[in-house]
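Encoded as structure tokens, here's the structure I'll be asking about.
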Amino acid sequence: MIYVTRRAAFSASHRLYNPQLSSEENIALFDKCANEMGHGHNYVLEVTVAGEPDEKSGYVIDLKKLKEILKREILDKVDHKHLNHDVEFLRGVIPTAENVAKAFWRVLQPHITDGKLYSIRLHETENNAVEYRG
Amino acid sequence: MIYVTRRAAFSASHRLYNPQLSSEENIALFDKCANEMGHGHNYVLEVTVAGEPDEKSGYVIDLKKLKEILKREILDKVDHKHLNHDVEFLRGVIPTAENVAKAFWRVLQPHITDGKLYSIRLHETENNAVEYRG
Amino acid sequence: MIYVTRRAAFSASHRLYNPQLSSEENIALFDKCANEMGHGHNYVLEVTVAGEPDEKSGYVIDLKKLKEILKREILDKVDHKHLNHDVEFLRGVIPTAENVAKAFWRVLQPHITDGKLYSIRLHETENNAVEYRG
Amino acid sequence: MIYVTRRAAFSASHRLYNPQLSSEENIALFDKCANEMGHGHNYVLEVTVAGEPDEKSGYVIDLKKLKEILKREILDKVDHKHLNHDVEFLRGVIPTAENVAKAFWRVLQPHITDGKLYSIRLHETENNAVEYRG
Amino acid sequence: MIYVTRRAAFSASHRLYNPQLSSEENIALFDKCANEMGHGHNYVLEVTVAGEPDEKSGYVIDLKKLKEILKREILDKVDHKHLNHDVEFLRGVIPTAENVAKAFWRVLQPHITDGKLYSIRLHETENNAVEYRG
Amino acid sequence: MIYVTRRAAFSASHRLYNPQLSSEENIALFDKCANEMGHGHNYVLEVTVAGEPDEKSGYVIDLKKLKEILKREILDKVDHKHLNHDVEFLRGVIPTAENVAKAFWRVLQPHITDGKLYSIRLHETENNAVEYRG
């Protein structure tokens, strides 16, 4: 079994806010992350696919293909966007790193047919990261 | 002469938009950076102060003091904020990295009294950075 | 299951020396790490907590809380210290990265009540790191 | 159980080319990686050994020893070389990162006698990496 | 004056070899860099342009334009290539980092018309870099 | 003119303490950096040499030679040492980054005979750095 990882970066805004709570409860829960006008990050995404290398190519998955899948399914939809407002597949989701990683998994998994999706790792800052393995 | 640099990071949203231009002109000029809901970055700021080390301390400037100045004058005002809406000293400024670096210089310079402010370097992404030397 | 990681850095001295061995045996075993006056590192600590995101917040653990726990229980006690002399919870321990990571686990685990402590990763230099998973 | 990781870098050329396929098939499969004169990378290798720390030393494995093993068995043979032409243990292998990581495992495993070899991680670029765990 | 920097990476092979010297002299001069089959690097290029921000855009130079110039004039010609064999503008040049940086300057300068080209910085490895300022 | 930079890392302890001041004054001046048992860092040193590339080699300075000079004159004397106690050329110096950089300049300059020493840059942590240009 080989684990192949592709890294990509994107820049987006978000706001942590639960509409079922009051303004005060949101600030108590999310502090400065609840700032009304939002804030943003250079997110770093690492997608790992697990499988056996193909005999003919020596690849688990052609990383050029994985790069294209990431671009088409994820980056084109979230880069230079506001995660609360602009992204169809995040509608109704509080965009914490945890929830965004799970949403990315749901979007990507059907497209990974060489090997199997193993992990989505999402860095929000240089000090904070989450990982989801399905 | 010694050049002393302190690095700090902050997360903010911005939108590149010139209100004197039409929507179409803004999109032609700023492309996806003009996205209505904005987008964001983990900005990395490097502030350099130049001077001679003090004989008693061996310091050009005490980096704990510089850290406090950066926190009080810059980071507390821009971290987890929207640069177009939430920051007094950026009112009326198109928040390109160039303009933000110049604004940071204006804010910081009066507070640097040990040594002289030499450079403001601002990284918007891992691939894009600007530097202003006054 | 989501794995949430918080990264933090601290600067400390240490010396690798087993008091039950002779000076010569210590030098044979630890080489330049046994230098009598010690040496030091910018350690990088990565603490990973595993759990399910809370429905109300979308968080496995509020990273602001984890940051405070790390500061209070670990960083305030080891940053700008000598690990052999200044740290209560390392008394009698040879401060190899392996042993320090295990000690950090013992100190942190009772304080992680949202999710479960999953891993302590400690980088001693840019080329050397250890990980402990309990 | 503690996982100890040593990181090392080397600079090498390679070409992705399957001699059982035609030139056209190779270009279809490997695209610019099939360039006749080859291309190159600063590979970053991370070798992880798992075990219990020794009581006398506090080490799972002495990282100085692991460093020497990596130098003698791997780096001296691949650094500043062409992986398709200059490396005995890669003869007949299409040098994808997947295949190179597996070859490194075969070469290193017999030499790791303190603890057990747990993982070989090989970064080809800052965006592409593979991991093999035997 | 503002200094704007765009960073880009490419992977290439090279061999340091002076055809006017004997094999022995080349090995004495270039050591393992003279390896007949070549070796390679993930080069990191940083291009800095100096100028005043435009009033309408707040840009010294639109970094999207600079990115396109770098892609068209440099990256498409050197990425996944052998610098000694595949690159028209390096014909007859010993491809040391110094000489490559100077060649990049000659190629890029005529295309930088917003602001002026100020510096070409080229990292060959994480420990070695050169800078040319014309 | 080309500027060639070699990067190297070392791990050392230091304590900031001026023997001409009282204990209280030292703590007021240096805070936790005055901790009696010292603390430590993974210092990162960047040495830049300026000159014209040699016609025969294409080098300003052979980086293998610069690497050896750095090892012999600096790294072998400071790596895994206590800067206040173990280093001849730092006797009587308060080892702030500023003072250490200046001492490194004095030690290195006579040995740089291909090109001229242009800059010593010393990173004490990932957030603090100094540069000295003679």
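So that you can tell them apart, the chains are marked A, B, C, D, E and F in the order they are listed, and the count of residues begins at 1 in each.
The rule is short, and it goes like this: a contact is a pair of C-beta atoms (placed from the backbone, for glycine too) under 8 Å apart; a residue touches a chain by one contact, two chains touch by 3 or more.
A quick note: this is a predicted structure, and the numbers were derived from the prediction, not measured.
Over half of the residue-numbered contact pairs of C-D are shared by just one pair in A-B, A-D or C-F, which is A-D. Look at the CA centroids: the one farthest from the centroid of chain C belongs to E.
One finds 41 Å separating the Cα centroids of chain C and chain E. If you average the CA atoms of chain B and of chain C, the two centres end up 33 Å from each other. Along chain A, residues 126 each make contact with two or more other chains.
Pairs of chains in mutual contact: A-B, A-C, A-D, B-E, B-F, C-D, C-F, D-E, E-F. Across the complex, chain C is touched by residues 1-8, 53, 56-60, 63-64 of chain D. Those residues of chain C lying in contact with chain D across their complex are 16, 18, 20-21, 29-31, 93-99, 101-102, 126-133.
Those residues of chain C lying in contact with chain F across their complex are 9, 11-14, 32-33, 35, 37-42, 79-82, 84-86, 125-126.
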